[in-house]
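Please find the structures below.
Next come two complexes, and both contain chain A; in the first it sits with chain B, in the second with chain C.
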Partner chain A sequence: MSFLPIAHALASRQDLPVPAWLFAWGASIVLIVSFFALSAGWREPRFEQPHSRPFGAGLSRALLSVPAQILCGAVGVFLFGFAVYAGLEGTVAPDRNFALTFLFVTCWLGFPFFSAIFGDLFRPFNPWRAIGRAAGAGFRAIAGQRAAHLTYPERLGRWPAVIGLLAIVWLEVVYGSGGAILEPEVAATAALVYTVYALAMMALFGAEEWCDRGEVFSVYFGMFGRLGIFGTHDGRLERRRPFTAATTWATVPGSAALVLASIATTSYDGASEGAFADFIETGIGWAEDIGLGVTASIRFTDTVFMLLTFAAVSLVYWLGVRGMRTVPGAPSLAKLRTGFAHTLIPIALAYLVAHYFSLFVFQEQAQFTYLLSDPLGTGTTDLFGTASSGVDYTVLTANAIWYVQVGALIVGHVLALMLAHDRALVYWPDYRKATASQYWMLAVMVAFTCFGLYLLSVSNG
Partner chain B sequence: MLPLAHAGHYALWILYVLPVLIVVGAILRSAIAVRREDREDGKPG
Partner chain C sequence: MRDVRKLVLALLVVAAAFALSACGSSDDGTTASGNTESGSKSSKSAPEAEKPAEEQDVPTIVVRGGEPVGGVQTLEFSAGEQIRFRVSSDEAEEIHVHGYDIAKDVPAGGTVEFDFPAELEGIYEAELEELGVQIAELRINP
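And then the complex of A and B:
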């Protein structure tokens, strides 16, 4: 998030009672103890069967009614349109323009955070889905029949969303790095280009089909929504046991890549200004030596490092899967790779919380004060009388941020272990073999925890 | 030239890698022990 001045910029150093690396050791011990506790006390799968209680029929009908859907869709379209307008017409200063904070902080971080608790909150407000569905309804009304769509290629799965996720993070992190600021106008133009693309895909494959598979934001936010407690089933709202919906998430091709891309891009964003900074600088020097211009060198090197991070994170997961394959009775590598992908969702969430929690807290103060009152950042508007407010950086101390980061990483990885152990009991009904298979996932979890804490310690130090 | 200006700073990564190495080492040791036992018992694989 290099377009915002406070991104990753913890002004004060922490004053921790023990060295930061000891937290990595402590977190590893917590994981190992959790692992053995799971092995001893969890001998039947508990998440595989749906556990849900439907809402009352009246409440469910009201919340899922057509007028409610139209209202939510209209709110989504209005806010998106307003953000684009602010981007195109407002100030070029990224931190004074409503567009960037709304798109990249409030939505990009807010939906994963809150969807992980409450279920997929983005779906009803998805502006592209709302437009696509409205267009479909219009077509039906005029033509008297449903629009004919192509069959979505099964093998394509969620891969368009994976590529889209990498492209969005590239725009957010790489395009706006090294002094080449991501201007609100560029973000707004990119949003318009994406809108054309999304609507074209919806015309080809249908709005719901594209939102389920290829529409980046639906797929990405929906992934976190699988952890949450509310969902719909057979056209009815339901309250479900947390995390149970995640177990059926990764059946579509490309799902493992999506969650790995999420972990990798967050890691890269954190590392690019910390652990990788000097290496990236060296890479930029090499790129300049071969004749690339300054900006091109920065973007080229950043892109290479982002892709290398994706490859490294994928390799760690792949090694864990290879390890599980050595346990007698193991299913195929492909089945293991897909079958355990959902266990990484809490890790992706933990990485997001750890890296962006403070940014979210600080920047949302801006969002709901001066950016709301003066969305274009022109200094001439004060809609709610809060245009002169500022961000209070004292609401969080450096130590508080660190403890939230450590806590998020530990909780996320323990949840991941739990989901993995549960899935292992499906593949290996003998709990001893299931436990043996999970030694490898324990190694993966310890590796991701220590890697995450290392990145944070370097960024914060 | 490799970046050496912050070598001390980066050397800290060893402390973060050690827990991973310990866990992986323990897993490999356990896997080798199981295989040896299986071989001695005459079990296949």
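And then the complex of A and C:
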């Protein structure tokens, strides 16, 4: 049986499981922090009011000017187009082709990591938004009027992005585990299919509208960007207090599902070779018994397990929401469900860091050395003289990776508790009732964080 | 304000606990890696260099028909020691250890021996290069 999800196909080094003693320490700290959080909680919301300072008018105008927007958009379109070209024309070896590392590591992991610090970095470089807006401008110039768009159905909310996120992770984790590796050509073709879909949706609903709700990458990266310190308000750049923008994120249907899907897909990727490996193996056996082929059995079972993980993670959150509803004075279930969704963003980020931090550090070395100099992996080009460089796996010791992994989960846990406590104070002006409601969210957070620690500690052999 | 002070206190306690755990790590780490000789699959090359190479328990991965006999073998080592193992195959192949990027040819019906220092920590694959089949997983613990 050879499982080859994307992390295996790209980097040669895999993480050792977190040792038992560190797992125990991590879990203890999570519990201690949680109990202190209950007793030390503040009594007035801290994050709910926007705290921001606008940039100087000149700087703001320059950075948001039309030429700057066109330049950023062009950079995005060029890099995306180049990655697709490399995927179609370059080598089939996943680790020697620019496309897979650029799409699945540099962008798919880089934008969440850096947006969580600096705010939504993807929006200016979004290639589909750039094309959509250019098309809109072209239409206006020719027709002399704005293109007429359908009204986006409010109830759909972020659900198209939820489906899209599951589809992308399916391609990344499940498709590649079916015996065959995820070939650069397949990824490039998928990217082209997605482009057609995204542009069609933008034509229907308008570029900005679709990017706000349905365009997977905008919505997913933007979610992490809400934690970051830079944003725009009334057409002006501003510096804001970290995490405050997250409080207004989950106002659209499907938001809770999106953040839960993020936690679930990362969990599934981590568990498919560790905690769930034996169950998946059994499931594959059953699928083969009912007459499916080998590859079909693996993909079918993996898909079922990915969806089960999504269901289980959602169930935990739903139970927490149900619990909060029992506290006197609670708002409706629907309001609670959306109202606390943003508190899980730090946990989703912590899961990403814990599972992919080392892959990112290793593979970015490849990105900026041989993948840059020899993007097609032909072995004959050397654009920047770095084609023969390799990845230095000594830059991170096993201990360093473990501390980052466990540290990320603990920090994410604390941030999630802070955001949840803050939101509870909005819904229950009585401080004691707010605290009572937070026993439930605390249980949810402890469950997610300890599950995350457990996944890291399970041997993936 | 009292609440804020409590929160700061809580964070300090946590920081202290984490620092303690970090200090305790080296002791615990060595004891943990010291008992890896259990388990038939895992094996450590003995640190006693007195014995001649033949007498040491060098694990051998047997490859038949392009597949490792008994599934992918897990070999555990500690950083700094020598990684030693043999591969015997009924068909000619190239054995490639990823990460370390060491490749050796094994002739049909022959055996090839690997012997190199464990400089990189983490988990690495050894595979049949032509077929792309993984035969072993090298775990190098800190």
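We adopt the following convention: the second predicted complex is superposed on the first by the 418 of 461 C-alpha atoms of A that agree within 3 Å, B and C clash if a C-alpha of one lies under 4 Å from a C-alpha of the other, contacts with A are read in each partner's own complex, and residues count from 1 in each chain.
By definition in this document, contacts are C-beta pairs under 8 Å (C-beta built on N, C-alpha and C of every residue); 3 or more make two chains touch, one makes a residue touch a chain.
The shown structure was predicted, so the numbers you read here are calculated from the model rather than taken from an experiment.
Undergrad: May I ask you to decide whether A:F451 touches chain B, chain C, both, or neither, giving the answer as first, second, both or neither?
TA: After superposition on chain A, A:F451 lies in contact with chain B alone.
Undergrad: Go through the superposed model and pick first if A:T435 touches only chain B, second if only chain C, both, or neither.
TA: Neither partner.
Undergrad: State whether A:T343 touches chain B only (first), chain C only (second), both chains, or neither.
TA: Neither partner.
Undergrad: Looking at A:W21 after the superposition, I want to know if it touches chain B, chain C, both of them or none. Which is it: first, second, both, neither?
TA: both
Undergrad: Give one of first, second, both or neither to describe whether A:I32 is in contact with chain B, with chain C, with both, or with none.
TA: A:I32 contacts both chain B and chain C.
Undergrad: Tell me which partner A:S115 touches in the superposition: chain B (first), chain C (second), both or neither.
TA: A:S115 contacts neither chain B nor chain C.
Undergrad: After the superposition on A, what does A:Q405 contact: first (chain B), second (chain C), both or neither?
TA: Once the two structures are laid over each other on A, A:Q405 reaches no partner at all.
Undergrad: In the superposed arrangement, does A:T394 touch chain B (first), chain C (second), both or neither?
TA: Once the two structures are laid over each other on A, A:T394 reaches chain C alone.
Undergrad: By residue count, is chain A touched more by chain B or by chain C?
TA: Per-residue touch count on chain A favours C.
Undergrad: Counting contacts the way the document defines them, which residues of chain A are shared by the two interfaces, the one with chain B and the one with chain C?
TA: The answer is residues 21, 25, 28, 32, 461 of chain A.
Undergrad: Along chain A, where are the residues that touch chain B in the complex?
TA: So the residues of chain A touching chain B come out as 21, 24-25, 28, 32, 275, 278-279, 281-282, 323, 326, 328, 436, 439-440, 442-443, 446-447, 450-451, 453-454, 457-458, 461.
Undergrad: Quick one: which bits of chain B touch chain A in the complex? Just the residue numbers, please.
TA: 1-3, 5-6, 9-10, 12-13, 15-20, 22-24, 26-27, 30-31, 34, 45
Undergrad: With touch defined as at the start, can you tell me which chain C residues reach chain A in the complex?
TA: So the residues of chain C in touch with chain A come to 3-4, 6-7, 9-10, 13-14, 17-18, 21-22, 24-25, 28-29, 32, 74, 79, 98-99, 101, 119-125, 133-134, 137, 139-142.
Undergrad: Looking at the complex, which residues from chain A come into contact with chain C?
TA: 2, 8, 12-16, 19-22, 25, 28-29, 32-33, 36-37, 39-43, 390, 393-394, 397-399, 403, 407, 410, 460-461
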